[in-house]
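What follows are several structures.
In what follows, chain A forms one complex with chain B and a second complex with chain C.
Up next is the complex of A and B:
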């Protein structure tokens, strides 16, 4: 074992995985570029990756991307926070009252599967053509996973831990905050991650469909101008936004329950 | 076989701290009813270490849950001193068979947990937790999380967490069942040492013969279904004890003696289990 070759040691390096990930993306781009240049892919549908990279700067300077990103970020954050504020307590309620659970769990699961985005005209009528509509649609679409995962996490609390609580004569509020809730946190955060993905996708999709506000509208505009490199550059900013959200979420989870 | 009437707690010395008096518990109704505990009576005196031993399925865990107050609705009485137990009692500290540490808390926060509930000031919490972590031999692992410890270490964390409330009676349900034999013997030493230091009154539920003889002053042998008291065996092995006692003639003698009682019960349990598998097979 002492005489391990260079490869295992290289794999163990901290920088290796991120570098490898980046290299993979660059490689995929290079392959796409090569296929386009060889006319094996249709260059009228897919832009050259190199053009997309060049378009990034143009999109920033000409399309006011930062304020658009701000709009989109605000909508995602607002619906993301709402989803947690409603979904987690509702999940706890479902757990506390089995009747509610029996009555509604299937419907909530069905809501998660329904293409709510397609009902956007209804929401436009109800909430007007503005950010409020986008936030509401995104909330409706995103709330189910967090609720269901909260319920699942609370229900999965190991009975022996509950017995420890009972043997210590804990009150039901102590039982919830000191045993059930901490035990459910990993599952709750899985739910939040799912929900936030839904929220981001919904926000951008509605912006795109309704031609309103942030990055989604920009992507729509660029696509209609047939600016393919610009369109894909816009999508890159959506990805950046989602990365930012997930980094923040991971920080919050770590702060709430430090991983060993 | 002893009948319930002549199995009164030992009368020598002081009054028992824990009294199990004519406890009877049945699950289910009619033809499907199972009598888990059938009029069991015994007592545990202050400072004494008593084990309840019986084959799997004899109702030991039911007894554990009744004494711990987790299972209401039974006949008979469990008393601490002269007070009848209704629900979990602060005088009884329970250690469970399954892994029961909180994975989201470090060792010290796990152990300090009962004090935190009680609203004890932080310095007192930490002092006491330190003390009991030391006692179970985990002084260098206070900041670790349970997932970073072995199974035996995690069980010791659970024991420290129970001891930190300084319960008058320590009630343990096969705390080492999931561990290998060697670890079990060594943890037995730890228990003996703690017992000596704290004069902790202890009731241990177990199916393990060596563990019971190694640790106990008295062993309550249970029958298989219904769970009745078969016999109480006094273990007159010298204290302080260590696991070395396992090699002595007297130890072997006790193990053989209890096994001769238990063998019949365990075989009945095994036949019963086989029969129920056969029945299920026939139905399916």
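Up next is the complex of A and C:
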């Protein structure tokens, strides 16, 4: 009887499900390791997961990881800051002039959905083969979500707040800075999170494609050396790093949401 | 569009004003483009004149092998969306139907979903070779995550009464999936497929630009290495237009008859 009571209680524990999920990943790796050792999988295309874990240390210590992370972080930050500096004022402009919004909102939405990164050869020719190119592509990719979410947040300001402003006879600039903008901040940050996610992905992808600087190039290098465990370790490292970046962004976003 | 009125309760802008702004912005872009093109700020043909780009559309359509490359890429994208979406929807239903599995696996999918996909390409080449298979694999991986996440989120929105109806008929798992779950969440599933489609196009084409010998991504790199900029612009415009049209089509499918 104790057993029957134990399992459902365990399943209901808050920590159990996520741990179980992670444990599945570990289990899959263990199975792959076993199959490789039993020669049922091809060792020339799949390294031993244990070797990958060992290679992770080597990749981190021997591949200039800090300067690579610095390059990538600089590109993401530069484009991320540009995105905010352009996207938020542009969103405010769209909000201030309904005719601009009615005319161009769908165009911006189309830009957000367009596969801009495919044009990277074009940007290479226009801006040269350097960090500037990566920042520009990442900016073009990321600017639309911030603009649209700023617009959405400003438009969704509760009428009661606007009426408070009116009853205080606020000027339109006071209205913007004291009422509209603060009330739009959570939505703006949602846009920033989406954009910065795009920026990171774009930066790493272009680095990988044109073999330039940063973390994307790391994977290219390792793959071209046919360093099998190293390639897998590099990919794992970059994925873990980007997941950490997304988690931080999400935390900040949640922290900025108004209390329910 | 149905959002709150802007401050001051300004009247809705008239259709004519909207059209005027659009025409003005489009014209301004063209003029600036032409001006840059004529100014000589960039090397010749880096910013080709609009007439040159227009002429290149014809050159592109008659380019030897263009339609073959297009067919290869289209085939890869369709295959990858089919594989990725089917796998994604199956996983989404499996995860969404069981609260414990949802709590166990949804966070993993959620955080892995936006990670850069293209960096897996070296692995895909090792597994599937340098032919179309590796592009399909990368595209399928791209299409998988939105389909899975959107399906498992859609499972939460299904009317519980429908699920009870299915249970009271003693529907099997397969019947539950095909007769209850999928019809009831047509919109979120199609939306996931639409997002996955967009990502699969990017995945397939980027992979083609990295390493391939056919497909439109290969063609992009061909024009790039020959420095045939007008045709490269034309090709990219065609690609963007196609991506936009398919995106709109699947979006319309998701909206109608929901």
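In this text, the second predicted complex is superposed on the first by the 184 of 260 C-alpha atoms of A that agree within 3 Å, B and C clash if a C-alpha of one lies under 4 Å from a C-alpha of the other, contacts with A are read in each partner's own complex, and residues count from 1 in each chain.
Keep in mind that, in the parts below, contacts are C-beta pairs under 8 Å (C-beta built on N, C-alpha and C of every residue); 3 or more make two chains touch, one makes a residue touch a chain.
Note that the coordinates shown come from a computational prediction; the quantities given were computed from them, not determined experimentally.
When the two structures are aligned on the shared chain, A:30 is found in touch with neither chain B nor chain C. In the superposed model, more residues of chain A are touched by C than by the other of chain B and chain C.
Of the two partner chains, neither chain B nor chain C is touched by A:109.
In the overlay built on the shared chain, the residue A:174 is in contact with chain B alone; chain C does not reach it. Common to the chain B-facing and chain C-facing surfaces of chain A is no residue whatsoever. Every residue of chain A that touches chain C in the complex is listed here, in rising order: 11, 17-18, 20-22, 24-25, 45, 95-96, 98-100, 102-105, 107, 110, 113-115, 117-122, 124-126, 152, 154-157, 159, 162, 172, 175, 180, 197, 200-201, 204-205, 208-209, 216, 219-220, 222-223, 228, 231-232, 235, 238-239, 242-243, 246-247. Residues 158, 160-161, 163-164, 166-170, 174, 178-179, 182-183, 185, 257, 260 of chain A touch chain B in their complex. Considering their complex, residues 68-70, 87-88, 90, 92-94, 96, 98-100, 102-104, 113-114, 117, 144-145, 147-148, 165 of chain B touch chain A.
Interface residues of chain C, counted against chain A in their complex, comprise 1, 3-4, 6-7, 10, 12-13, 17-19, 21-22, 25, 42, 46-47, 100, 103-105, 107-108, 111-112, 114-116, 118-123, 125-127, 198, 201-202, 205-206, 209-210, 217, 220-221, 223-224, 227, 229, 232-233, 236, 239-240, 243-244, 247.
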